[in-house]
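Here it is, the structure in full.
Naming follows writing order (A, B, C, D and E), and every chain is counted from residue 1.
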Amino acid sequence: MHLEPANFPYLSAILFSCVAGLLAIVFIPAENKILIKRVSASFSGMTLVLSLILFVAYDRGLGGLQFVENIPWIPSLGIHYFNAVDGFSLPNLLLTGIVFFTGVLTMWEMETRVKEYHALYFLLVTGVFGLFMSMDLFFIFVWYDVSLFPMYLLIAVWGTTRKEYGAMKLTLYLLAGSALILPAVVLLYVRSGLNTFGIVPLMQAGLFTPGEQKLAFLLLFLGFGILAGVWPFHTWSPVGHVAAPHGVSMVHAGVLMKIGAFGVLRVAIMLCPLGWIYWAKLMAVLAAIGIIYGAFVGLRQTDLKYVIGYSSVSHMGIVGLGLSTVTAEGLNGAVFQMFAHGIMTALLFSSVGYIYDRTHTKAIPELGGLSRIMPVASTYFIVAALAGIGVPGLANFWGELVVFIAAFKTYPPLGVIAVLALAVTALFMLRVVQKTFYGPRNEQFAQLPDVTFAQGVPRMILAAVLLVFGLCPALLFDVIQTASVPFMSGLPR
Amino acid sequence: MKWMIAAPEMYYFSAALWFLLLSFSGKPRAKRENMTALGLAAVGVLVCLASVWSDGYLFIKAFRADMFSQVFKVLLSLGLFLIVCICGNISEIGERRLHDFYFLLFTCTLALMLLVSADHLLSIYISLELSSYSLYVLVALRRDPRFGLEAGIKYFLIGTFASAVMLFGMALLYSAGHETYLTKMTRALAEIIDQPMVIIGLLFTLGGFFFKLAVFPFHFWAPDTYQGAANQVAAYIATVSKVAAIAVIVRVVAFTGQGSTYLVHALVMLSVVSMTVGNLAAIVQKDLKRLLAFSTVAHSGYVLIGILALSPAGYTGAVFYALALLLMKFTAFLVLVALADDGRNIQIEELAGLHRRSPILALALMVSLFSLAGIPPTIGFTGKFLIFIAAIEKGYLTLVIIAMINVVISLYYYLLVIKAAYLLEPITEPAPLRVSYPIRLLAGTSVAAIILAGFAPYWLIQVAQAAV
Amino acid sequence: MIVPFSHVLLLAAVLFGLGIFCAVARRNLIMIVLGIEIMLNAASIAFVGAALRWGDLEGQVFVLFILAVAATEVSVGLAVIVYAFRRTGSFDPGAFNLLK
Amino acid sequence: MISFSAECATLTALLLTTFPPFLAFLVTMVLTRSRPILSAKLSIGAVSLSLACSIFLLVLRWGQPEPVQFSFRLLASSGVDVPFGFLVDPLSVLMLVIVAAISFLVQVYSLGYMAGDPGFSRYYSFMSLFAWAMLSMTVSLSILQLYIFWELVGLASYLLIGFWYEKFSASQAGKKAFVMTRTGDVAFFLGILTVLLNLGNLSIPEMNGPAAGGMPQSILTLSAILIFGGIIGKSAQFPLLTWLPDAMEGPTPVSALLHSATMVAAGVYLFARLFPFFSLSPTAMSFFLGIGTISMLLASTMAIVSRDIKRVWAYSTISQLGLMIMALGAGGYFAGVFHLTTHAGFKALLFLCSGVMIHQYQTNDIYELSRLGCSRMKVPILTITLAAAALSGLPPLSGFFSKEAVLGELAGLSNPVWLCAGLAGVFLTAYYSFRVIFILFSPPPDAKPVDIDAGSQHPDHGDTHHEAHYRFMAVPLIILAAVTVALGYVGEPLRAFLTGGGTLGGVHEEGFALSHLVALGLAAGGMILAWLEFGRPGAKQIGIVERIPPLNRLFAERWYIDHFYRKIVDVLVDRGIAYLCWKNDNKVIDGTIDGMGKGTVESGRLMASLQSGMIQYRMLAIFAVMVFLSLYFLFQQI
Amino acid sequence: MTVYGILFYLLAAAVVAATAVAITRRNLVHAVVYLIFSYFGTAMLFYLFGAPLLAALEVIIYAGAIMVLFLFVVMMIKVEAPEEYLFPVRQWIPAAFFGAVYLAAGCAMIFASPGNEAALRMLLATPREFGLYVFQNHWFSIEVISLLLLLALVGALRLGRGKHRTGDQV
């Protein structure tokens, strides 16, 4: 694999601006809320800018790992502070930057315990960034947990519906996942005999016996899969989505679930390709079930956020399906879908957040006729919903398209099932749109204000991103391919 | 001057005697005694640090000073110092008793140091008894006699019972192997280690130390004793004596248990049961100290994993874990002591609204609990990580998975505590909490230490490796 | 030549068992302490026997110290028990159930 | 050199045709929401530009049947190479013109119809989106690209049908349209994937080319039928035909657009587009023929009994589309496309006329309309009659020629059933269209005609601009009427242009006379029957069918197809699968997890209770464990 | 079987019997007295095993000091004997069960280990050499034990002395 050292430590700079923001917030007196918000907005904006720079500066022709920073951390254990970016992680970094920034803006009106909220939020995102950019198993695990444990307080303190139950469930569930990841990681470390946690050295073929790979892959897949909302282990995610405050839901559905899928890709698939090939069918079946199942359960929901939660179960199923087709297209589609779904679901939650803050209800039957009252807000939601349906011209379409093509090539029957789910998804998404926004003007909320320009900014950004990548997907596919194609070509068959 | 290798012991001996003499003199005054003790403990830390490199034998090889023991002495002295730091307003020990209190505290530390570097079964036994007895008295010293007495009796009876078991075990070992020096036991036991009598003897012998470490089934004293003893004493038991126990178990197992698969089986069972029992029982606790006691039981289970790997990596992990336990448990108790200004027991719901009443304490509590749960980037995680590496190197994957599941369970009750501190609002607004500046400083430092040692543990690991 | 060493161990084991039985089965604090004393005694018999078997003095030395420890134990233990009796008015170990 | 410049010009024209509406859509959507007039201007300007360029293209490409392609790279994913670009051949050019023209007229018309509507600029932005999607779909190079714009067409029609979303029925209809077409599209997509896997390529020329012949017959049939699923959805053919009548909930101009040139026409267009590919599989072709026939007859029967003027035309659309599909299925490439062309003209005319009346009298009911005296609105009533005549295929109007062509194709088939079905269709068409006309013309005696200007107005705008609006609406009517009359006579040159010298879809001259005479006779018969029942003075205005209640109900209820779907969605999906999944999620999966949690806590309580025992129990426990371990070791030994 | 052997078995039997009787006495005084007998037996065993000094110490310290201390306490606290419910079933049945298993396991184990069949020879450790040995090899432990005794003294003092006042404080 090609390694391109960084001329400037952009990645550390991203982490640093997160940590710096965290410290800055910690040292601002809690009374000075507006300053805290400004600080957090500016620091998150900095990360967004940096990730954009990365996205632009990444040499697509060269491919491989770029912006490499490699510092020995615990030599005796072969742990390195090894940050790098490749075609898989770059879109996710960009995604994180966008969602982070917009998430901060979305929660601008929140006034309770602002300081703690933003501090924990920064901690959360630090973990996410770190995980996406780290190439060292130890650090990946560390970042994974760093991004998990703020969730409990974030949900339990600032959340809404059944928040303590949801928070506890989510935290325990995800830590159960990490309970499977850590042994697998250590197993790989020990069995490699190289005394290193670095992914690059561990990737060399023939390092692990097929047996080890199967075992480790299963553990890792289950561990990370829980976070990715793989079918039987998905129940934490709708509950968590619903309970969490909107900004956190955005990060949570938009980025955290991607961490799961990314972990499967980065750790499980890259280190245990044989295990991947061995378990691929299982993955595919679970993913297909998740797709159709999530859509059907979504049909029954009466809570806006529950609907979104189940839709993301379904959409993450598409990601899983892409990962399970042992092909480069599959990987491309999966990563693209991660990005697209992240943006889309963030937009959904952001709009729901606005609506909820005004109407103080998420129950679909109580809503309705909002489109007349807050046309702009509902437009944002509808755009996101359409993206979720997979309407061409918005980013999600491409991810689903490529994944379906790949899946149809590898597992025709599952591909058919997954494609059928499209109709169901359309049904329930449109149902929600109709019940929430259409219908006669709802007098109960008649005097509520519409989104002002300033409030609209985060949603505008997200919608614009959806549109841009929907119109020229090549922007992203070019990047992803630099990672997927060499990886697949180097795969032992 | 070869006596210098015993410098720490002599120092603490004289310090203890000094308090003994004081106790015959005038009436103690809390502030002054605390200051004296603080000074003495601080100097003690320095002494131990100074004698880290000393190496050699004393008393016809009954006393052995090497890197291992000296490092642990540093830990012990550090622990004592920290404990003395939070003894500022120790209201549960009558002011009249303060001299005895500090005398016992220092004696116990001395005993633990002797225990760490004792090399002869007899000296191990005697030093263990010395430390245990000082702890019995310390526990019973609590002013509220209902608690103090009951805790004292339970601690005393189970302790002596365990020590009798241990003695019998030693007798078995001796009668089977004719060796009483740990260093020679490896050779002596090599060929007969698989005889049931020897293993039973070994296990009985370890029983005494398991009692100190509160491993199932010798853990039964822990919850009641923690709950019944004064907060500071409980803190001392939870931190310092645990460190010594880990040290002596590592040493004994390392010297005697080599190549015995049955012993490993036994240890596996005990560790699994300990962590499961500890974590499960902790879920339903209301009293914070009791909860911490059960979590101690669980942690003893984790430590055993590192020890039963019977490999240098495992011992390194155990040593590192000793330090981790010291820090984490101390931080938790620090919060507890700072909250219980009148020395009462803290119920979990009393933590309500802590995040407003004292953010720094709430933070310290959260960090220490997450560290106890083993969440990175805290020292608790690093300790577990080292131990798990050692275990998986020996192929105990299932054991590690069980341990991780236990970690998840444990997180549940830690989160309940954190929830109390951060979510719940007190029904009746309690008296405003006055946290003295030094305590705040201490809390901040320990939080920083936990996180830094978890995030950049390199040189600490080096030290642990050097010690083994 | 007296007897095989195993018989001595057997004696010790029986005494140890009796001690444990006493400590476990009697509902009386003093009897618990007595039982523990019996256990110590069993241990010391084993030690002396072993010393005789190996023909050295280590075992006997152990016994010497066991005597001292036993004395300590009894003094502290009885002090605590008397203290407890003064409070609860009985030797019933079941009387201590405050902590749970 | 020449060719190059020609290509260059073509490309420019193409770009200028397709993109302006999109830009108009973005601008009107984002910037000029609050300025309706400006939005309208922008959108109409854009579409007129497209119209101009498409006509220019037509002129440019006239007489050059060989296709020209331009391809660009849009999606880069290894293994999936989707050629994106433009495919310019007679068919696409012709379609471009139709689409652009109709969109233009409809948008102009809407100036009047939609005036003062609160969502005016939204309306126009959606219109532009619609135009863009349809135009780009027309010239797409690859079937996948076509699918993408096909979806966008569906999206636009969803937005437009549900335009008045305050009305529940409207939003419902929009949703229904989208989901039903989506269902068809799933099949379409699967078909595309099948083709991709077996042909390895999705560009339309490739599929129509010889390469496709290499595919095994079964695969060919399968993929053809799957793709046809999309057509069924879009063109509202037999199983999925119920969304189209509901789509009348949208504003009438939208219906006009939908029914004439864009939405439903897309289906037939796709058929024509892939005609060579489809015709590789006879099985599939006869299947299509069957579907077309069924839909045609069903729809006509429904049209007979409907009282809602727009619905009548909607059913007629379905039946006419069925007719086109029959034609194509019968191998009449030109006939189908020709009928599509003419149908676009007069169907748009029909809707627009009805739109004027509806706009005037605020009702869709034909009897109401005639009672209110709509017959006194000169332009609409005349043009609608004209259009109806064209629809029922009376000479010398365009409908006549195209229908004759179609029937000619059917007559050419070996099996006479198809021809008979077609003729029956002709009869029914004439009957229901003139039923409407006669009802409109002969108001019941108790009619109290309302003066035009005093007529109740569109709710949202006053009388002042009324004249202007009327003019806006009248102009397109007249233009379309002219087209309707004229279009019939360009048939032959069009055939030449399309078939490029008769390569495709041969014509069957034999049997011409017979079938045509019969057709004419039937059309006249239908007309006369309608006159007898509705037209002649003193007619009770009750059709035969209405005299037979069960039949009437059957037709009025659309053969209960809709109930069937409702049932499926309600019972099977909602209360069935979805409910089960949901329960499973709550009870089984979550139940297990929570149960584990509760179990843990309970066992914790147990463990803690062990703690609270007496001292001696604890010693006993220690002793027991020790004994157990010794036994363990012992048995290890032995 | 030498006379020493017979002696050993007699003594062993006596010790076990005395202990068994002792632990079943309801009256604490009786129990303590019987235990003193068992300690005498033990002392003789020590003598038999060639540890005269230990025998003497056993008598002096155990039988003399410790048991007398017990007696003293029992006397001091005039405890009404019948108050105790001797051998509650819930305690002694499991205890007896495990005791039995333990003995079985113990026998199996003792006789399983080959080394234990070694017959004991007669040896004698004169007090002089014993003392020398102790103070040459184990004076470290002696120091520690002295500290332990001191601590026990202090502890006993504190626990015994302060109790009334602490008791009053509550």
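Everything that follows uses one rule, which is that contacts are C-beta pairs under 8 Å (C-beta built on N, C-alpha and C of every residue); 3 or more make two chains touch, one makes a residue touch a chain.
Everything numeric in this text was worked out from a predicted model, so none of it was measured.
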Joint neighbours of subunit B and subunit A, given as chain labels: D
Could you pull out the chain whose C-alpha mean position is farthest off from that of subunit B? D
Of the chains present, which has its C-alpha mean closest to the combined C-alpha mean? A
Most remote chain, CA-based centroid, reference being subunit A: E
Ranked by contact pairs, first place goes to C-E
So the centre of each chain is just the mean of its C-alpha atoms; given that, what is the distance between subunit D and subunit E in Å? 101
What is the distance in Å between the mean C-alpha positions of subunit A and subunit D? 37
With centres defined as the mean C-alpha position, give me the subunit B-subunit D separation in Å. 77
Mean-CA-position distance for subunit C and subunit B (Å): 27
Pull out every residue in subunit D that's touching 2 or more other chains. 597, 608, 611, 615-616, 619-620, 623-624, 626, 630, 633-634, 637
Which positions in subunit A are in touch with at least two other chains? 172
Residue list for subunit E, restricted to those that touch at least two other chains: 91, 95, 102, 106, 108-110, 112-113, 115-116, 137-138, 141, 145, 148, 152, 155, 159, 163, 167
For this entry, which pairs of chains touch? A-B, A-D, B-C, B-D, B-E, C-D, C-E, D-E
Mind listing the subunit B positions that touch subunit E in their complex? 13, 20, 23, 58-60, 62-63, 94, 96-97, 100, 103-104, 107, 110-111, 114, 120, 122-123, 126-127, 129-130, 133-134, 136-137, 140-141, 143-146, 152, 175-176, 192, 195-198, 200
For the complex, which residues does subunit B have touching subunit A? 355, 370, 375-377, 381, 385, 388-389, 392-393, 397, 400-401, 404-405, 407-408, 411-412, 415, 418-419, 422-423, 456-458, 461-462, 465
In their shared complex, at which residues does subunit D touch subunit E? 616-617, 620, 623-624, 626-627, 630-631, 633-634, 637
Of subunit B, residues touching subunit D in the complex: 153-154, 157-158, 161-162, 165, 194-196, 199-200, 203-204, 207, 216-218, 220-221, 223-224, 262, 265-266, 269, 277, 279-285, 409, 412
Footprint of subunit B on subunit C - complex, ascending: 5, 9, 12, 16, 19, 23, 29, 32-33, 36, 39-40, 42-44, 46-47, 49-50, 53-54, 56, 58-59, 61-62, 65-66, 69, 72-73, 76-77, 80-81, 83-84, 87, 93, 96, 98-100
